[in-house]
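Before I ask anything, here is the structure I am working with.
Note that the chains are named A, B, C, D and E in the order they appear, and that numbering of residues resets to 1 at the start of each chain.
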Amino acid sequence: ADEMKLINDGEVRFLTNPIYPPMEFIDPKTGVITGFDVDLGTAIAEKMGKEALWVTTSFAQLQSSLATGRGDVIISGMSDNPKRQESMDFVDYVKSGPVFIVAEGQSSSFKSNADVCGKKVAGSRSSSFGADVVKWSSEYCEAKGLGAITFNGVQDSNAARLGLKQGRYDVVVQGIETIAYQIQSEPGVYHIVDKPILDTDVFGIGVKKDNPALRDAIADSLSELIENGTYAELLKKWGLVHNAVKTVQINGVK
Amino acid sequence: MSVIISAEQINKHFDDLHVLKDVSLDVHEGEVICIIGPSGSGKSTFLRCINQLEVTTDGIIRVMGEIVGYREDGDKLHRLSDRKIAAQRSRVGMVFQRFNLFPHKTVLENILEGPVFVQKRNKEQVKKEALEILKKVGLSNKANSYPNSLSGGQQQRVAIARTLAMKPDAILFDEPTSALDPELVGEVLAVMKELANSGMTMIVVTHEIGFCREVADKVVFMESGEIVAVESPENMLTNPTHARLKEFVSAVL
Amino acid sequence: MIKPKIQYTRVEPSNYGQKITAVLLIMVLIYICMSFWKGQIEWQYVSENLFTPTVLSGVWSMIIMTFLAMALGIILGVMAAVARMSDNRVLQSVSIFYVWLFRGTPALLQLLLWFNLALIFPHLSLFGLVEVRTVDVMTPFVAALLGLGVQQGAYTSEVVRAGILSIDKGQLEAAQSIGMTKFEAMVRIILPQAMRVIIPPIGNETIGMVKLTSLASVIQYSELLRSVEDVYYVNSRVIELLLVAAAWYMVVVTILSIGQYYVEKYFSRGWGADTAPQKQSKLTNAVAEGE
Amino acid sequence: MIKPKIQYTRVEPSNYGQKITAVLLIMVLIYICMSFWKGQIEWQYVSENLFTPTVLSGVWSMIIMTFLAMALGIILGVMAAVARMSDNRVLQSVSIFYVWLFRGTPALLQLLLWFNLALIFPHLSLFGLVEVRTVDVMTPFVAALLGLGVQQGAYTSEVVRAGILSIDKGQLEAAQSIGMTKFEAMVRIILPQAMRVIIPPIGNETIGMVKLTSLASVIQYSELLRSVEDVYYVNSRVIELLLVAAAWYMVVVTILSIGQYYVEKYFSRGWGADTAPQKQSKLTNAVAEGE
Amino acid sequence: MSVIISAEQINKHFDDLHVLKDVSLDVHEGEVICIIGPSGSGKSTFLRCINQLEVTTDGIIRVMGEIVGYREDGDKLHRLSDRKIAAQRSRVGMVFQRFNLFPHKTVLENILEGPVFVQKRNKEQVKKEALEILKKVGLSNKANSYPNSLSGGQQQRVAIARTLAMKPDAILFDEPTSALDPELVGEVLAVMKELANSGMTMIVVTHEIGFCREVADKVVFMESGEIVAVESPENMLTNPTHARLKEFVSAVL
């Protein structure tokens, strides 16, 4: 088999964009990076007998940073999808799904996902939510003659929520894994409309295509963590128990 | 002859500097007054006060009997608005040492600017007059040139034409030839002589003693902000009553 | 004392230095080009995306925004400069404060503040007559225009002021002596001449504005950068798409620079035949022509 | 012909216009301030975050980057300007190309290209002696410094050139006539004088650079904007944190402006007592003082 | 007396403009040559060619017998390097119409610049000499002033001092007094006269006919790029052989 390639032998360098609590973010009090991905990455590296090193970069720069060798793997709440599989392999580690939220005051008029049809929806444009929402709109709204959703791709989910507060948009779409955290930090502002519109969204740890040994080592470590309960513990710590995967898959999304 | 310009004990301070000290002067219709004196004696400042480019600190100046810059009301003087001061100013022409033509306008446009834009006179009419004036100063063929393509002497003659087109009651000249090459001085002086002969009221600050002698009705000698002597041009050279004047004239000659 | 004249042939130095620099530099250039070509760049993504409708509409939005924001900036800048130089103390202070405030904060921040104005003023009303929701007025387009234009005005006012100060005081006096008020002289005599000094920096700032519009992408105004980002968020070809954007920026900037050349030429009319001994105009010329 | 002198009292206009503008403007200002206060802004987030270590370290990084990038820009700018004005055609062309290329593309793009240089050159070697991985050299700090500094150099070179052109040709000739070569004259006589014309725009550009550093946040250089972003990604208080950043920018910019004033003063030594009839220096003064 | 400067049939073109036409002139040690002539006749250009601020298009100029700007090699002339040309240039002083003092340096620094920086002479020694020279031009008390705080006449005297400190073989003056106020001309001419009397070799372009008559050994009259007449200063006024010279002199006077 191929040998596992690391930039520096004793360490695994994780690329991440720490703007996505609770997955990864900078703790404002300490200025240190933290979050579920950080804990999981550290645990995986430990299992492999390596040091974990964190390299931050913007979301759009993650892929090129992997290519130029700034890091060995990406772990940044990145959805596994066939397009991205062209340039890297994914070890799937958490389930996710886009969910609609509205302002608390509007909760009465948004009882189910169907109420979102025909409304203005905003979401981060660098995520896959835009495509998801448009697809959902054509399958569930337009098919039932309920009027299409207009999707606004904005800078990040923060900007989307800011627009929601001003009434610029009616609805925000974002990952189910983050909304609990938002509701906790801004109580009484947001209301979750319904269940996620997709349940096939999966986050993956990205590894360069020419490095299968590393990919497999990570997958093995993750399997062990799932078995020995560390994985479940971390999910609980960050309020993500509903997002657990049962088994580790590689490039699981087709 | 009526008094065109009269200065009555005017004073001018720049902060602590007392630049004009109780200067009084009457200029009658058709008179040519030459002002001479050393650098810094206040000659330019005096002209600038008459034309309200500077505001006097004390004393009054009248042009055609009307107090400049203020409206008289008993023993009170109310400052006039910008617009009214501008109107007063346009009645006295001014020719500057450094010409100050508008470089972005042609010679003709320079001349039309005042009469057409400020005095709102009929453009075609003014144009005819302007070409007339240009002929008088010998620059008929330069009407459409830009100032910077002209020699200094030509520029100064255009400046004179620009002033004439305003039909002023009097013209002030501030060293009109001292920025010119020696060879070009003559052509400007010639125009000024002709103007004097045609009866224009003029105050001329100059170092050209020859011109003074030939054209002036009175020669005023200023020193450190005061009018030290008023002489006839003949006496100035041959028999000046004032010692400093004598000294100055022989130094300049 | 005329001596027999020897017919000398003059030999100019052969400029080896120049030739060697040339060869060296050309080699470096070729090396860089080759590296780009062989580097991990998939050139077909560049050529494929150069003329897609998304990118073209981004270019168009960028151009529109550049011109409108500059126009707003110039209007505000001239007003602020004239206010600063007026005799009215209040106007002076307002002008100084305006310049200080809007030069002091980054454009990005100003854009975000305008865009989120509804957080502070939920509604806008016109003399109590019409009342509208702020978010309906403050579209990405309007917010970008205000954010970029108002800031540009602060910069432009300094440029205009320098231009006005560069004009010989004699020009104002000559204008006054033919009966113009200070304000009339400013508009008809000073400003047209100041243009020659003002245009070159304004040219620079227009070029700067082209690139500044890229910031408007954060508030959803879909200019060029936003358009190529939309593409690379999908296909992850960051460098390739950035090169597409770079190519377009170069094109627009180069065209603007050429335009600037002609505008400058127009404003220097009357200074062309610079034969008269007017030292002052020669000097300002030199400053101005240092584009 | 001395007439009896009437003792007039002069009455200056009472300036109603000025007073009315003042009152109106102060009312508008108060209204705006009150709206900010009552708007949907939680002020305690502003005050809480103003002096947190994260924000302070962001301010510090911003200042460091501003000065280093400007220093690099000035060095490159002077070199490019001197090259442009040299007699060597090759150097001239290189200078023109450099300015065209780096003025033509947005800073953001240049930052991204430097940061991802490894896509094109995976390794850098120094005369074949040492070879290092590009990504190890091209840290966010280095990429930001190069991206901002190299672009700044292109702008600065035009400023320096305008400064050099503004110096009377007589200065070069006088220097040559006492036996200096063109290059010596440039360094000892022309450039020191050109500084007076160069400093004010450089001041502007330094202020611009302060704000430009905010772009380095995209490549993870942790300057001010990036620091407040880190905070608001967690607590969602975007406007509040942006106001924190704005406050800091204002402080830094204001301090820089004051510094600029003193630097300008230093470089105008010898022009102070402007009593001699040197029209040319009066004029350049006016241009220069139009900060 | 040896020849200090000799021009042998030099020509100068600015593109199509033929500005100097076969100009030849020998200047001997201690001679004072005045050049007069109308504007644009090439006077300045001639001086500038001697000092290599312009390159002649044809003909050769020698200073102290050495060809300037080129190294002689049979019938070939090889262009010298910048550094060598600069060295040659420093042997002939030049005084400009507009003074061209370095405004960012004090009077003393202006004077030291050449000897200390270019000629690498001992600073203390030069300083002593410089103060000596300043005394000679009557400006001992201005050593630490900046040029712009001086009057035009004082500035020009500093410019002369700056040139003298280089110990040149000859000095070229290009209209040294025509940018001065009339009252200040005298002080500069006085310094120049003294210089002439002390035996300095000088070429002076000027409009000051009085100065020419008093000081010059020869008066050269130029017109449209040619030397039209070389006269003794006495003849120039009383009995000029050349018609155009006669005309010019009477116009300028």
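Following the convention adopted for this analysis, contacts are C-beta pairs under 8 Å (C-beta built on N, C-alpha and C of every residue); 3 or more make two chains touch, one makes a residue touch a chain.
Just so we're on the same page, UniProt names per chain: B, E = Amino acid ABC transporter ATP-binding protein.
Quick caveat: nothing in here was measured; it's all calculated off a predicted structure.
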### Task
Could you see whether A-C or B-D has the larger number of C-beta contact pairs?
A-C
### Query
Taking each chain's centre as the mean of its CA atoms, how far is subunit A from subunit D in angstrom?
40
### Task
Report the inter-chain centroid distance for subunit D and subunit E in whole angstrom, where each centroid is the mean of the CA atoms.
44
### subunit C and subunit E: spacing of chain centres that average the CA atoms, whole Å
47
### Task
Give the residues of subunit A that touch two or more other chains, as numbers and ranges in rising order.
61, 64, 67, 159, 162, 165
### Task
Check each residue of subunit D and list the ones that touch at least two other chains.
40, 112, 116, 119, 122, 168, 238-239, 280
#### Entry: In subunit E, residues with contacts to at least two other chains
98, 181
### Query
Looking at the whole structure, which two-chain pairs count as touching?
A-C, A-D, B-C, B-D, B-E, C-D, C-E, D-E
### In the complex with subunit A, residue positions of subunit C that touch it
40, 116, 118-119, 122, 133-135, 217-220, 229-230, 232-236, 238-239
### subunit C partner contacts - residues on subunit E that touch it in the complex
8-9, 24, 26, 60, 70, 72, 75-79, 81, 98
### Task
Mind listing the subunit A positions that touch subunit C in their complex?
60-61, 63-64, 67, 83-84, 87, 125-126, 152-155, 159, 162-163, 165-168
### Summary
Contacts from subunit C onto subunit D in the complex sit at residues 17-18, 21-22, 25, 35-36, 39-41, 88-91, 94, 100-101, 103-109, 112-113, 116, 119-122, 155, 158, 161-166, 168, 197, 200-201, 204, 207, 210-212, 214, 225, 238-239, 242, 245-246, 249-250, 253-254, 257, 279-280, 283-284, 286-287, 289-291
### Task
Would you mind writing out the residues of subunit D in touch with subunit B in their complex?
1-3, 5-13
